[in-house]
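Multiple structures are listed underneath, in structure tokens.
One chain, subunit A, links the two complexes that follow: it is found with subunit B in the first and with subunit C in the second.
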Partner chain A sequence: MPENDRNNKFKMIGKQSILFHNPPYIIGASSIAGKKEGEGPLGHLFDTVWEDPLLGQDTWEDAESEFMRQAAEKAIQKAGLSSNDIRYLLAGDLLAQLIASSFGVAELNIPFFGLFGACSTMGEALSIGSILIDGGFADKVLAVTSSHFAGAEKQFRFPLDYGNQRPYSASWTVTGSGAVVLSDQNSNSNGPSIRIKGITTGKIVDYGIKDTMNMGAAMAPAACDTIKTHLEDLNLKPDYYDKIITGDLGYVGSDILIDLLREYKIDVSSNHMDCGKEIFDPESQDTHAGGSGCACSAITFTGYVLKQLREGNWKRVLFLPTGSLHSKVSYNEGNTMPAIAHAVVVEAE
Partner chain B sequence: MPENDRNNKFKMIGKQSILFHNPPYIIGASSIAGKKEGEGPLGHLFDTVWEDPLLGQDTWEDAESEFMRQAAEKAIQKAGLSSNDIRYLLAGDLLAQLIASSFGVAELNIPFFGLFGACSTMGEALSIGSILIDGGFADKVLAVTSSHFAGAEKQFRFPLDYGNQRPYSASWTVTGSGAVVLSDQNSNSNGPSIRIKGITTGKIVDYGIKDTMNMGAAMAPAACDTIKTHLEDLNLKPDYYDKIITGDLGYVGSDILIDLLREYKIDVSSNHMDCGKEIFDPESQDTHAGGSGCACSAITFTGYVLKQLREGNWKRVLFLPTGSLHSKVSYNEGNTMPAIAHAVVVEAE
Partner chain C sequence: MDKDKNVDVSKIVREKDVKTRNENYNQYVKQVTPKHSGFKNVLAAYLVGGIICTLGQFFINYYIYLGADKEMAKAYNTITLVFLSVLLTSVGIYQKLAKFGGAGTLVPITGFANSVAAPAVEYKKEGQVFGIGVNIFTIAGPVILYGIFSSWILGLIYYILKQFGVV
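What follows is the complex of A and B.
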């Protein structure tokens, strides 16, 4: 990793990356998951697994808000803080006009920026959160995202009651919410510090894919673009990272990503990991291409990736949530699915 | 205005405000407007007024993307830059999953953060844009938002073809897009520099309003909360500002705001201005409560407010776009309309 010149007022590196002068610490993180996620390979790692997908609410949308509320409160609690201590709240979800977020976090009473990056939103939230901390604009920031299988099917495809068929390229939206507390100071005396060292902010990449049942294909070019630019900007080889972790490309998109990067002589086949492939068991859970949704990368990161870093199994990861920026309307009007991927450098030290 | 201690690494002031150490300059701004906006009192101030609400596109959504594309390109051009010079693009709109933005700005090929603050999005974009510049994370940032009357009616209420009735408390979504280029350095040798000195980021405020035909009532409490906190954080009286400019409270919401602030002994009756009241002529244009939408505050700011600052008629304004964070789904499911307002201190010097 190149050192950033601290005498330079700018923290920009290369074309679209930043290296922080005062890399923020991750001092709390939470993962609230649904039943299916709890039954998956990572199920034992989540803070809470709920059997009831409605969480006692009347609608899928209110249920998703409740997932987010619980994730936000749990992360704040695990950081040893109260909501009054948080200077900024950054949140987003997949629902139109971000209603899962607005209704989920309103009661926390924290200055709020709503973000939309589709399933890349946790990457965007960690990026802007780190900027707020590093720049001295905040001492504590909460980043939280959510998704819900039933709400997402209703939002993007058909209500579950229609019982529509799913091709093998389709992914399964993860039900849950993950939250991360960033701080300017470390408060964790046990084990290594986990810090966000830099970011590479994605551009919108549109390969002309129009099949919303194959989001991996739409998002893989965006992941490729961000990884390639990141490595160039920071003059790194892929093996600098123990893992290069995409958000929710799934089985189809991950294969495409590895092929696309090979065209640029970049080989990530040995250290690439995709949250969408990790979170469900493809043999027993009938989830086809894998998991997706804002919560897919969020709870895999908070439940699994951070644990690997804390326990010293990994030292450095590039966390790269991926998002397809389409809507039901843009799809029905015949438009393509532009995509984006935001990379976050997370290191244990 | 209190001076920020530059030896303090933090730029936080009070509960939820920031004063910048290196206040960003506004070096370019654009306003692309629809026909009705062009016929309004500010019509002669907009860069471009289009007679065709579809701008030659096939759908309202594609038309809104085209408005945004033109606003982005015009602002970059007026700043004397090309899109390669812009380090970050911050954009948002009212459509589900921000499709006006994603399709509008994709071709600019600039690292992109999608933002959602409903009609407050220009406040959020200018806030995060200023943070990026002040913190040394970028030298040039583009902030752009859009809305479209026909697209918004379809998104939130009914397609225009249904010919539904509008109560007098309903506002009229502004068709257009406004864009602002922020820079770490001034490039304008004519007239005063226009700088963003600070921000106060809003919290979500929910007064329990459920009438989507009266968004002013839902948003006024959020504007009240942000103005009150801003004045307390910075220890200012309202008359510090030549104008305190809310986004789109309209006639109903503006009256409520003034009444609510009076309960805290804050009188803004003499210097309050609302973009929603300025943009249309209530006598001749049949717009009932006034204008609304992301573009309402955006093009009033870029077309009218900046001109007043540049020409020395005003020295200091508090620009405070307001947003109602509901969706058609949350409304139909019986939920309230939480709201938010983000304040930006803009000064000519």
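What follows is the complex of A and C.
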């Protein structure tokens, strides 16, 4: 990793990347998951697994808010802080007008920016949070995202009880919420400190895919673009990273990503990992292409990736949640699916 | 998959014209995306659809046996199948049947009942008017609208042909 010259006024590097002068620390993280996620391969790593998809609420939307509230509180608690210590809260979800976020985090009383990046929102939140901290605009920032299978099905596809066949390329929206507390100082004395060294902000990339049941195919070119630009901006080879972790390309999208990058002479086949592929077992859980949703990359990151970094199994990862920015209206009106991927460099030291 | 037919990925990555690039990409995606087996689907639909229709015939025969005339027996049968479908939808069984049976569960009246019952369950939380009222026909709506419209057209054709003494 090239060090950024501290005397340089700018922290920007290359075309669309940033290397932080004082890389923010990740001092707390939480993962709250639904039942199906709890039964998946990563189930034992999550802080809380809820059997009841409604969490005792009346509606799917309220349930998702509750997931988010619990994730936020858990992360703050694990960082040894209270909500008064947090300067900014960055949150987002998949529901229209971000209602899961607005209702979920209201009672925390933290200055709030709502973010929409579809399933890439955790990448967006970590990016902006790190900018706020390294810029000196905040000392503690909380990033939270959530998604809920039932709420997403209702909004984007069909009512839950409607009988239909899902294509193999369709993904399964993850129910849950993940939260990360970023700080200018490390408060975690035991184990390695985990820092966000830099970011590469994705552009909107649209290769003309219209099939909302194949989001991996729509998002793979965006992930390809961000990875390629990131490596060029920072002058790195892909093997610099122990893992290059995409958000929710799933089985179809991951294969496409590897194919596309190979054309640019970038080989990620040995260190690529996809959260959507990790979170479910497609054979026993019938999840087809894999997991998706804002919570997919969020809880895989907080539950699994950070653990690997903390335990020293990995030193450096490039975490890039991917998002498809379509809506039901844009789909019905015959539009393509614009996609995005935001990369975050996370290192243990 | 036939290797020779594979779209060359370089034709996506190197293509400067966005429209051509997108066409090439869509073609490539089509090739790498796994699909349901058509034959297996048709067989499952035949089986499940056949069972539902046999069940319907059984009900018609039974209602005739109970003393209903043929028209009434058909009406009773419809009511019974719709009731069964809504019941199975509410306990979460019809969805599983549809996942296996595909069009075999979609085409019979039970599929129609499922498509009305599912939004009713889902949107109950948003109220009787703006929830159920507005959304109950979100899936079945097109079937109802174009069903009525096409019967109107057919009626018109029938009327015209009748005027000319064709039928």
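Quick note on the criterion: the second predicted complex is superposed on the first by the 349 of 349 C-alpha atoms of A that agree within 3 Å, B and C clash if a C-alpha of one lies under 4 Å from a C-alpha of the other, contacts with A are read in each partner's own complex, and residues count from 1 in each chain.
Here, a contact is a pair of C-beta atoms (placed from the backbone, for glycine too) under 8 Å apart; a residue touches a chain by one contact, two chains touch by 3 or more.
Keep in mind that this is a model prediction, so the values were computed, not measured.
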| item | value |
| --- | --- |
| First, second, both or neither for A:214, with subunit B first and subunit C second | second |
| Which of subunit B and subunit C A:10 touches, first, second, both or neither | first |
| Touched partner set for A:129, first subunit B, second subunit C, both or neither | neither |
| Contacts of A:198 with subunit B and subunit C, given as first, second, both or neither | neither |
| Contacts of A:165 with subunit B and subunit C, given as first, second, both or neither | second |
| Partner chain in contact with A:59 - subunit B first, subunit C second, else both or neither | both |
| First (subunit B), second (subunit C), both or neither touched by A:256 | second |
| Contacts of A:106 with subunit B and subunit C, given as first, second, both or neither | first |
| Touching both subunit B and subunit C, residues of subunit A | 58-59, 206 |
| Subunit C to subunit A touching residues, read off their complex | 9-10, 12-14, 18-19, 21-23, 25-26, 28-29, 32-36, 41, 89-90, 92, 94-95, 97-99, 102, 105-106, 111, 114-115, 117-119, 121-123, 125, 138-139 |
| Interface residues, subunit B side, partner subunit A - complex | 8-12, 16, 18, 22, 58-59, 61-62, 87-88, 92, 94-99, 102-103, 105-106, 109-118, 124, 127-128, 131-132, 134-139, 155, 201-204, 206, 325-330, 333, 335, 338, 340 |
| Complex contact set, residues of subunit A against subunit C | 58-59, 154, 158-169, 206-209, 214, 217, 221, 252, 255-256, 259-260, 262-264, 336 |
